[in-house]
Amino acid sequence: MVRIKPLGCERFFQSSTVEATFGGGEANVAVSLANFGMNVAYVTVLPSNDIANAGIAEMRKFNVDTSFIKRDSGRMGIYFLESGANQRASKVVYDRAGSSIALAKPGDIDWKTVFAGATWFHVTGITPAISASAAELSIESARIAQQMGLTVSCDFNYRGNLWKYGKKAPEVMTELVQYVDVGIANEEDCQKSLGVTADVQVERGHLDVDQYRTLSKRVMEAFPKMKLIAITLRESKSADHNGWSACLCAKDSFYVSRKYDITDIVDRVGGGDAFAAGLIFGLLNYDQNERALEFAVAASCLKHSISGDFNRVSVDEVEKLMGGDTSGRVQR
Amino acid sequence: MVRIKPLGCERFFQSSTVEATFGGGEANVAVSLANFGMNVAYVTVLPSNDIANAGIAEMRKFNVDTSFIKRDSGRMGIYFLESGANQRASKVVYDRAGSSIALAKPGDIDWKTVFAGATWFHVTGITPAISASAAELSIESARIAQQMGLTVSCDFNYRGNLWKYGKKAPEVMTELVQYVDVGIANEEDCQKSLGVTADVQVERGHLDVDQYRTLSKRVMEAFPKMKLIAITLRESKSADHNGWSACLCAKDSFYVSRKYDITDIVDRVGGGDAFAAGLIFGLLNYDQNERALEFAVAASCLKHSISGDFNRVSVDEVEKLMGGDTSGRVQR
Amino acid sequence: MVRIKPLGCERFFQSSTVEATFGGGEANVAVSLANFGMNVAYVTVLPSNDIANAGIAEMRKFNVDTSFIKRDSGRMGIYFLESGANQRASKVVYDRAGSSIALAKPGDIDWKTVFAGATWFHVTGITPAISASAAELSIESARIAQQMGLTVSCDFNYRGNLWKYGKKAPEVMTELVQYVDVGIANEEDCQKSLGVTADVQVERGHLDVDQYRTLSKRVMEAFPKMKLIAITLRESKSADHNGWSACLCAKDSFYVSRKYDITDIVDRVGGGDAFAAGLIFGLLNYDQNERALEFAVAASCLKHSISGDFNRVSVDEVEKLMGGDTSGRVQR
Amino acid sequence: MVRIKPLGCERFFQSSTVEATFGGGEANVAVSLANFGMNVAYVTVLPSNDIANAGIAEMRKFNVDTSFIKRDSGRMGIYFLESGANQRASKVVYDRAGSSIALAKPGDIDWKTVFAGATWFHVTGITPAISASAAELSIESARIAQQMGLTVSCDFNYRGNLWKYGKKAPEVMTELVQYVDVGIANEEDCQKSLGVTADVQVERGHLDVDQYRTLSKRVMEAFPKMKLIAITLRESKSADHNGWSACLCAKDSFYVSRKYDITDIVDRVGGGDAFAAGLIFGLLNYDQNERALEFAVAASCLKHSISGDFNRVSVDEVEKLMGGDTSGRVQR
Amino acid sequence: MVRIKPLGCERFFQSSTVEATFGGGEANVAVSLANFGMNVAYVTVLPSNDIANAGIAEMRKFNVDTSFIKRDSGRMGIYFLESGANQRASKVVYDRAGSSIALAKPGDIDWKTVFAGATWFHVTGITPAISASAAELSIESARIAQQMGLTVSCDFNYRGNLWKYGKKAPEVMTELVQYVDVGIANEEDCQKSLGVTADVQVERGHLDVDQYRTLSKRVMEAFPKMKLIAITLRESKSADHNGWSACLCAKDSFYVSRKYDITDIVDRVGGGDAFAAGLIFGLLNYDQNERALEFAVAASCLKHSISGDFNRVSVDEVEKLMGGDTSGRVQR
Amino acid sequence: MVRIKPLGCERFFQSSTVEATFGGGEANVAVSLANFGMNVAYVTVLPSNDIANAGIAEMRKFNVDTSFIKRDSGRMGIYFLESGANQRASKVVYDRAGSSIALAKPGDIDWKTVFAGATWFHVTGITPAISASAAELSIESARIAQQMGLTVSCDFNYRGNLWKYGKKAPEVMTELVQYVDVGIANEEDCQKSLGVTADVQVERGHLDVDQYRTLSKRVMEAFPKMKLIAITLRESKSADHNGWSACLCAKDSFYVSRKYDITDIVDRVGGGDAFAAGLIFGLLNYDQNERALEFAVAASCLKHSISGDFNRVSVDEVEKLMGGDTSGRVQR
């Protein structure tokens, strides 16, 4: 997906020079995992034009395997991002109608070939929000992944500006999430994507962790195959200043991470994807779930200091932050 | 329509900083006429989002009346432009599928209100290339304009990368052009848009004016209501260096304009639109067709020195060039 | 007025690339009101050159009626702005001597035509600071506006770097303000523009609201026609971090607004103008003065997040902030 | 003088990012001579503000002695430059009214101190065009320089957009030029600045050298103290493409230089100043006037490849071009 | 190698914003071949720091296999490039002393592993110019490649600003070139790199093809294993305007290619590398040497229209130009 | 030294546009003192190329005397800087191997000439960290300065990424510091540069002033000629947010300065150099050491608001901050 963003904090088209980069939920997770040294392939459907070629080259730069990407009809999805500041919120204008992935349908991708030899599959709630056929394709992918024994993770990723094709998010997502081993959500996704509710209010700026414990439990009860659910807890004090932490719930445990105070956010888009990638990395590389959670929170904390969708940080940098050094002292 | 262009002569996404401006055939003609001091309204269908709002504001900046623009479903059309140099051609990637104007259909615009008090209506062959319903809407507009006594001009504007919805250009354009008083074409449009042929070869770099006389006559025979046809004659020596002239054919006259040698083209996109606007201005403001033609050629010659789709020149500047001053001496 | 500003936080001419935009007290108020959907005309005197033409086009982009602007001799005013950070203050170098408005004098503008059909006239204390004739022109405008029954508002806007032509601000401003219905001031304007004092100290960083109540009452006593006076209360903690609130005093009431903590100011220039526009909008569109005040404070709070003089926000955005959502959460 | 210029070939305020650099006739000559290794002082009057400070620092960077610059009232002069292309001419909007140098008058500068130890004084016809007092100051400077035995050179530099204070150029310039040893002119200056005519037409694009011989002789007859006059001969084929040569006339000789074909002009503003500096350098450093002329033409030819007013080239680079290497081959 | 270049035609450090990209002879050839769809690996020695990591990622973006790059001590080589215009030549300041490749020595790279399965090895005369040990490493690489049956090509690439370590180019290059099957040179390399002379003068701007035939034959006689030698023929009319062609000499044939007139060069650095890559591609993919030569010339002609060292063109684009379409007409 | 920095908070080579400026410890001190109006000469060894020429010109712009700079073999040192944000630290990649100063050795500079007429010499611990010969040169310089009666100040400036040539910092620095009258350090330099320890932990984010008193005393005991030692106390709360103060220890006094809270750091590189320059200025211009310390802390506090290595502030601006005005209110 192309991301078009005015420079700095300018409003849309305030000047004619803009940033054009690439991003999107699944791509962001793939790049982040590749940055952590994992073998990752990104699977999607893209058109055969120079714009899509450039997007693919960009992912290859980060060492993501792009050989499974299918080229087909349709257009390249776009989103326009305006960066907020202080009390003014960031704004996203989606332009994904008619994109190749929106036109894709079950059967278009040979999942058996894609999944051969893989151990983990990550899917998000954004693709199912674009079109009915993309929703079916997403469900197909998760179903086959589970059948083939991959661990399936899903970031529920509720997007109110999508979901325009006639179905409500929970109608689709509850079907998808039944194949999911590891659920990932932000503070409002469980309610809006899955329809599972607890007394959680996200506009307040501070968060009640107990409510999230309750919410997590309810989701796991509703989806019995789910082994873990992680929820990021963003305290939105202003567009520049967030508190950032997360909780991780298993059948018999509930961890709340360290909380980071991020006072001068550079770019918070992709923060949730950085968390998802960090969690996948952590679960695959650490013995303890708690440590995986801390890695995920630290990785995504650092994402807030990096412009663009992609989280350009290394395992060393994340582990340094996990180790408690939040001083930002110059390394020289 | 949003125009996304890499800086300078960079290839698509060679760097992440790009220009985002607005343009498109009909908009370019409207802005150019407004710059010449004419009262102009721009009529189209656009979505209700910040991107379209910005495009409308940009046209208002040039004094174009935007009050007839209809806001409806669909997306904002986009085109990606890569600027060529020397032997490397410029490239356009259209991204117009699903745009509001592509979804528009006859009846969506109240042409009687729009045309009330107007004397001239300009339409192009680009809109009919986008979708079947847009083609019908275009034909409707020209038919009603003619019925209401407006002079109807049409730039045939053949675009091979559009025309994907099942009809060939001549099938649609011959129907539209029957309502046209003033036809405008480039060196290949008559053949590709209308199917009217003469022995014209455009890749050669130099042009045989006699062939264009023959071609013009044939078009006027095929469309008996057409009173005038103007054809721009571009000699493409390289992406930076073009010869630029035009001819104008009436029932009983045929003029060939002065030819300009443009050796360091800044931006040739919108050159044809600048010509169309110049011709409309000239026909409305000068007594002689020949002078109208010279104004149109001079105006569009100047367009090649201006970046962006819009021709940011004044009547004074065009008339200075018509007067023969091609010296480019500093004015101070 | 042209505004020349180094990029980011660079000092004057630290690099050769700068921003050139348009702004100025009255223009900022006009654009802000137009953004709120009001019918606004901007009246001034400008030279007949390309620089002034560009400034007029920019205002038209925002839907401001520019047809009353008089073109005359003189130059286009300029101001150079250097953006501060932390403990380093922003700096303004005015370059307004000899500008068209500085040369303008009573009789140059046909106020009766300008005011025909209008209901509100806004004037500032900046124009009277530029030259003796501009001061007389300002007084003339307010006098005629009052005679014709318009509501007259005035932002006192003390500027120590202007006022060079021999008179002190209070000598002129007390004459102007006698025609004013709605006075607008910042925390030091009443003292420096009008010579009305109270024990107010603005360098302290925090503010004593009671002093402002006293000060407001004294101003209203000194200018008996004044029905309302609003004072913005800026707590300058650093160049990036301000507290922002205001009070509104009528004959029989005194409101203090909600206070916003603005921790990462993008551009505070134009904040007072955004307040003035918000107050005018609020007084014209809400029943309660208190709500008008809250609208004005929220609108101007948002201005601090927007680069350039103009406040590019909509009524919806202001009302969302008035409603208490300061979270800056991404809208998607 | 501040120079404000849109990027590339953009028209005024086409976008909000612009270049702000320093320049102006006399400053350009000073910088150019300093680049050639000469000891140069730049003498002018500037205001005491950050803008002027930055201009002075920029000249010091090039090793120009700025210690004689007087700081006084008034503003910093500005000019706005729009770069042309092809048939579209570059445009200059002067904004020099009220500048410190415009306010300066005879007696303001202690010329005896300034000239102590100096051997050459260069003055231009731009300063006398700004105001009556600046004209008197210019005449004073040339008179004293001559009295003190300095060689006085003067670039006539006619600027039609200045000369607004009531006198015509020849009225003033003929008085100034009587003190001049070395006159420097472009193809139209003699006629417009001094009123000395020959049948020279500059809009034609090609030049008749014989006419310039006649013209040179007439100027030298009119000003008997003048020992040399050099005239640059610009063939303006387009804004990007000029022929460039010059002639040098002494009592008993007339040389015409080599002609350079400059096909892709980067920035021609300052070309004449680069010629003047080159001529002064050449006359001071070479035995033969002809070689001085060739140095001046080569130096100013190179200026057309350099952005900004200042000619950033070394003696080595000029001499390499004089030696006949116009190949532009990469040096590596 | 990092390439630091001022923007546009600015001189070194004229402003503080510069371009930082990656390039260098061998890297450019590798990227070009990858763009043509070939399997290419780039082998070099680089330090282990973020700067080198970024360079490697950039090459991976173009699908170049970077897995054989050895990370070792030393620094990342840099070159500073200033782009000329008209009569002003481009300038290169090398900063390669102490780079990892300069410190590398025979034995550092396991060539047997690198060459396993490969069919072609390309080496240049730049690496041997950096240090004695790098020269030995280069000779080692060519020797082993030949032993293992790879076709060895070498671009002689004389760089006068390198070769500082005590040996003259021919001393080293004649040893290296004895292992070369395909020699590649520009108009002066044979003389300066190999010491093989003919009466060739490169500063003249036009070229005598017969001399190049003689020169080619002499080189092939001197190096009997060489099967082909290609020489690019650059006519340097100015920094912006070059004629571009080449000749190819085999034992029993001599072809001269079509000549391209490149009038508005965007960036000529890397033109020779683009030729080398085009020749390798052509020799591997076409039956006729003549066609390989034409491909190489067309590919490198297009390079002159592309900024940066890398030749970002596809086989389709090159073949379109080979087919004779030099019109640069917009593709839309 | 050239400083190459990505724009804003981008990571290394995230985009191809970067900032290239000049800086380095000793240069920063020189520029800062020149900005305060002091006569300053900068002495170093640089190569004879365009890059070094540009650096010298930049210093001359600030009025630094560059006439003692020796031009010799070697390269221009470079450092790459990546600006951190929030929890992500800034990163420096040094590229100084083989630089002219690294190659310089005792005897290369004629210190007697340099020091003639001077009263103060400032040296840092960075030069001795580059090479053994540079270390010896540094020691030589300090020794001769002391012999000639100059006050010698030294910023210990420990840089872990340098010191690669075989000696540990304390081995060299203890020899250098024996000639030092005024020692300057940051919170870790005394320990790492001199090996003098106290229980100081710098990663904590808050500081215990008593430990610094102890540490200062120990340093002064170890180096009996030292009359004063100043230590900056940086509380690193994040990359954007630091507390900033300092202490100054003499034989019989110990002052702790006011502390500034810097919440939106623009560029902290050069903060220590700004402190050193401020301290030198203060000790030379104020009677009281305490006031010198406050000047140094205020000057360096302001540096954090300025991009680039150089502290572009005036004495007036520093004294205004010393006077307690931290409000950052716009000056207009």
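Going by the order they are written in, the chains are A, B, C, D, E and F; count residues from 1 in each one.
The definition used in the following text is that contacts are C-beta pairs under 8 Å (C-beta built on N, C-alpha and C of every residue); 3 or more make two chains touch, one makes a residue touch a chain.
Model, not experiment: these values are computed from the prediction.
Student: Looking at the contacts, which chains touch chain D and chain E alike?
Tutor: A, B, C, F
Student: Could you run down the chains that neighbour chain B and chain C together?
Tutor: A, D, E, F
Student: Of the chain pairs A-E and B-D, which one is connected by the greater count of C-beta contacts?
Tutor: More C-beta contacts join the chains of B-D.
Student: Could you tell me which of C-E, B-C or D-E has an interface matching B-E, in the sense that over half of the contact pairs are shared by residue number?
Tutor: Checked against B-E: the matching pair is D-E.
Student: Counting residue numbers used by both copies over all numbers at the interface, does the chain A-chain B contact come out same (over half shared) or different (under half)?
Tutor: Same-residue interface.
Student: Averaging only over C-alpha atoms, locate the centres of chain C and chain D and give their separation in whole Å.
Tutor: 44
Student: Rounded to a whole Å, what is the gap between the Cα centroids of chain B and chain F?
Tutor: Computed value for the inter-centroid distance: 61 Å.
Student: Taking each residue of chain C in turn, which ones touch at least two of the other chains?
Tutor: If we look for residues of chain C contacting two or more partner chains, we find 11, 16-17, 57-58, 91, 263-264.
Student: Which word fits how the chains touch one another: line, ring, star, complete or other?
Tutor: complete
Student: In their shared complex, at which residues does chain D touch chain C?
Tutor: 4, 11-13, 16-21, 49-51, 53-55, 57-58, 74-76, 78, 80, 82, 91, 93, 95, 97-98, 308
Student: Which residues, counting only chain E, touch chain A once they are in their complex?
Tutor: 57-58, 60-63
Student: Can you tell me which positions in chain F touch chain A when the two form their complex?
Tutor: 8-11, 14, 84-92, 94, 159-161, 202-203, 205, 236-241, 263-264, 268-269
Student: For the complex, give me every residue of chain E touching chain C.
Tutor: 15-17
Student: In the complex, go through chain D and note every residue touching chain E.
Tutor: It is residues 8, 260, 262-266, 301-302, 304-308, 312-313, 317, 321, 325-332 of chain D that touch chain E.
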